[in-house]
Amino acid sequence: MSQETLKTHLEEAFAKNIRTDGRKLLEFRNITIDRGVSSTAHGSARVRAGNAEIIAGVKIDVGTPYPDTPDEGALMVNAEFLAMSHRKHEGGRPGIDSIETARVIDRTIRESKSIDVKKLCLIPGEKILMVSVDIVPIAYDGNMIDLGTIAAMAALQDARIPTVHEDGSVDYENLTENPVPLSHLPIAVTVFKYDDMLVVDPTEVEERYYDARLTVGTLDDGTPCALQKGGSASFTVEEIEEIISLAQKKGDELRGLLK
Amino acid sequence: MTAKLHIQERQIVVPGQVLATGLEYLPSKGTYRHNDTIRANRIGLVQIDGKVIKTIPLAGRYLPKRGDTVVGRISDVLISGWRVDLHTMVDSVLSLKEATNEYIKRGEDLTRYFALDDWISCKITQVTSQNLVDVSMRGPGLFKLEGGTIIEVDSQKVPRIIGARGSMVRMLKKATDCNVVVGQNGVIWIKGEPDMEVIVIRSIRLIEQNSHLQGLTETIKEFLEDLTGNEVE
Amino acid sequence: MTKKEITRHDGRKWNETRTISAQAGVIPQADGSAVFTIGNSTAYAAVYGPQELHPRFMQNPKTGILRCHYNMLPFSGPGSRGRPGPNRRSQEISMVTQNALSPVVDLTDYPNSVVDVHIEFTQTDAGSRCAGICAAAIALADAGIVMKDLVSAVAVGHLDGTVVIDLDGEEEHFDGEVADIPIAIIPSTGEVTLLQMDGLTQPELIIEAIKRGREEIEVITKVQRDALLKKFSSEITGVQEAKTALKKILSEEKK
């Protein structure tokens, strides 16, 4: 007989649709969004959910385009799990968790084609706008990809493009009225699998025990724009189908917070 | 200079705050004298006993003390025992002879008894000046904690969670029928029906949040009775 | 000597700081935490420890040690995005921050251990190292660390010979003779634990600025103390919310 562990005990509660903070398996925490939280950023937002607090800040610079896309501006998403935000995070170079989180959020936003990168071109082949989004947890409590995407989108909505002079120099202090052109609100929903049960928005403690997870980025109309499977266990095709439809439904709820 | 008290009993004070002036008063724990002034040296609740002033800490990580019952996680399996993570600044060691009454042969696989990430309740038997800690599982109420839920609280709040002569934790157990082990190190193990565990955790968070206030026992009693419908006393 | 009134660009009096606010316990995951804002500079501080110190050769068998990490988030500076991660400037400020706080902290009960203080900025407009020290002092007290006092910090300086308190970004680039002198003070003794300066000035003006700063720093100390006291309400709180939330779950459970 296998011994009962913290993981099996947690799953027994999940089987009764109960989580230690009182939520049901497919229930997100209450999410609040504040915009304009950093005066030095060109756009910023803070997302709070339970004991999680995440801040995203946008900076817009002028740069040179990549040779293969001479008439397109650039988007860069970066995430760093600050040592401040949780005991388990160490300082120094970003670990693989930070890198994966940044790349999945980047993919969700980029592949949604929400940002019309052609509109960020100033002089084809010479000067473009580079939009950088930095996402950090101030207080880490799980589900960084989903909460980080919301923070990033809210910060992008809040952003205003700085004044660019004729000579290409940037006046960072004086922002124009022009927002970053966004045509969609891409949202990432990560569904976590425990044994054969599906859970969304885990806390840090719950996150320690999942078997596999699948992040689904969706557009406003539900069209998937990014996928990322994580964890060492596997999914059946039926589970994947269920998760995509769940992500569409939950994505709609979360998108409502950004409107 | 005449002696003067600048604070009241049970007032919350912060580091550097003046508690008393004049040489008549005596500084005790959590306070210090600088010239003729007694000040607080940590965040705490003032306790005045005649002329002696001390503060009861309101926050702070656990400092291991001999005789304390603590909850820990097996963090390593050694040649002749186990390393136990007590959520404090150093790991402690559980030796073979302190772990079990069974005879363990040399070279036997120790994970048969305790494997990595198993949780145990144990007693601190020795603390050196350098905070090297030995623990033992010999004694009543010390056992391997199978399954259940682990939560962490500020170790300074543990006395309130246990209550006077165990009254608070007894109440939690009775109302919810959960098994609850409160370690002095601020690690708490709870095992029961999932919905009852949720009530225990929420109650503990309430005690933690209001630990500096009086009348908590009554409040929690009423809280538990209202939610569970069970008489707790 | 230099109390003559000058006009500051934002209308402040010579001894007036920008708006200050502070809150303790903002990061539940940490042993102690705080956020401190002065003008448009916002510092978050989180304390973890005392905890085991790695690498082991850095351990001190006589006492625990304090280790500070100052970091500006990439969007927290003026102008273009900053490169993330430590650089020479942040390493130096981490060190002077550590030295500013160490004199009040007593970690002798925790040999071989470390108390880590992480300080992060979401926005800066001058005075960030001082804001960081103020936030860190609140966070250390919030973590229950034994310390004989808080540490309060502010930039003092002079603009063309007139002493001013809490220079902002625009004043740092004042068109004239300017000295920017960040100081940290132990309020109960008046001792100085951080002192740096850039600019050209006279010895008398430096001493004058420090003395004035030491007098005016009281307002900052008060904000720090109040932030700690405010964390502890005088009434039992949270019971009704908890009850409502749990009743919902229990009733659904029975269905």
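Labels A, B and C are assigned to the chains in the order they are written; within every chain, residues are numbered from 1.
Convention: contacts are C-beta pairs under 8 Å (C-beta built on N, C-alpha and C of every residue); 3 or more make two chains touch, one makes a residue touch a chain.
Note that the structure is predicted; figures quoted are calculated from it, not measured.
Enquirer: Connecting every touching chain pair, does the picture come out as line, ring, star, complete or other?
Expert: complete
Enquirer: Going by C-alpha centroids, which chain is farthest from subunit A? Tell me that one.
Expert: Relative to subunit A, the chain with the farthest C-alpha centre is B.
Enquirer: Have a look at A-B versus A-C and report the one with more C-beta pairs in contact.
Expert: Of the two interfaces, A-C and A-B, more C-beta pairs touch across A-C.
Enquirer: Average the C-alpha coordinates of each chain, average all protein C-alpha coordinates together, and give the chain whose average is closest to the overall one.
Expert: The chain sitting closest to the overall C-alpha centre is C.
Enquirer: Report the inter-centroid distance (CA atoms only) between subunit B and subunit C in whole Å.
Expert: Their C-alpha centroids are separated by 30 Å.
Enquirer: Can you give the whole-Å distance between the Cα centres of subunit A and subunit C?
Expert: 30
Enquirer: I'd like to verify one number: the distance from the centre of subunit A to the centre of subunit B, where each centre is the average of its C-alpha atoms, in whole angstrom.
Expert: Spacing between the chain centres: roughly 38 Å.
Enquirer: Taking each residue of subunit C in turn, which ones touch at least two of the other chains?
Expert: Residues 51, 245-246, 249, 253.
Enquirer: Any chance you could list the residues of subunit B touching two or more other chains?
Expert: Correct list: 195, 198, 202.
Enquirer: Which residue numbers or ranges of subunit A touch two or more of the other chains?
Expert: Where subunit A meets two or more other chains at a single residue, that happens at 16, 18, 22.
Enquirer: Which residues of subunit C touch subunit B in the complex?
Expert: Listed in rising order, the residues of subunit C that touch subunit B are 31-32, 49-52, 61, 64, 104, 106, 109-113, 141-150, 186-189, 225, 228-229, 232-239, 242-243, 245-247, 249-250, 253.
Enquirer: Using the touch rule from the top, collect the residues of subunit A that touch subunit C in their complex.
Expert: That would be residues 16, 18, 22, 37-42, 44, 51, 53, 55, 57-59, 61, 78, 80, 82-87, 91, 93-94, 132, 134, 136, 138-141, 170, 172-173, 204 of subunit A.
Enquirer: Could you pull out which subunit A residues touch subunit B in their complex?
Expert: Touch residues, subunit A against subunit B: 3-6, 8-10, 12-13, 16, 18, 20-22.
Enquirer: For subunit C, which residues count as touching subunit A in their complex?
Expert: Interface residues on subunit C, with respect to subunit A: 26-30, 40, 42, 44-46, 48, 51, 69, 71, 73-81, 84-85, 116, 118-120, 122-125, 245-246, 248-249, 253.
Enquirer: Please output the residues of subunit B touching subunit C within their complex, sorted ascending.
Expert: 12, 14-17, 30, 32, 34, 37, 39, 41-43, 57-61, 63, 89-91, 129-131, 154, 156, 195, 198-199, 202-203, 205-206, 209-210, 212-213, 215-216, 219, 223, 226-227
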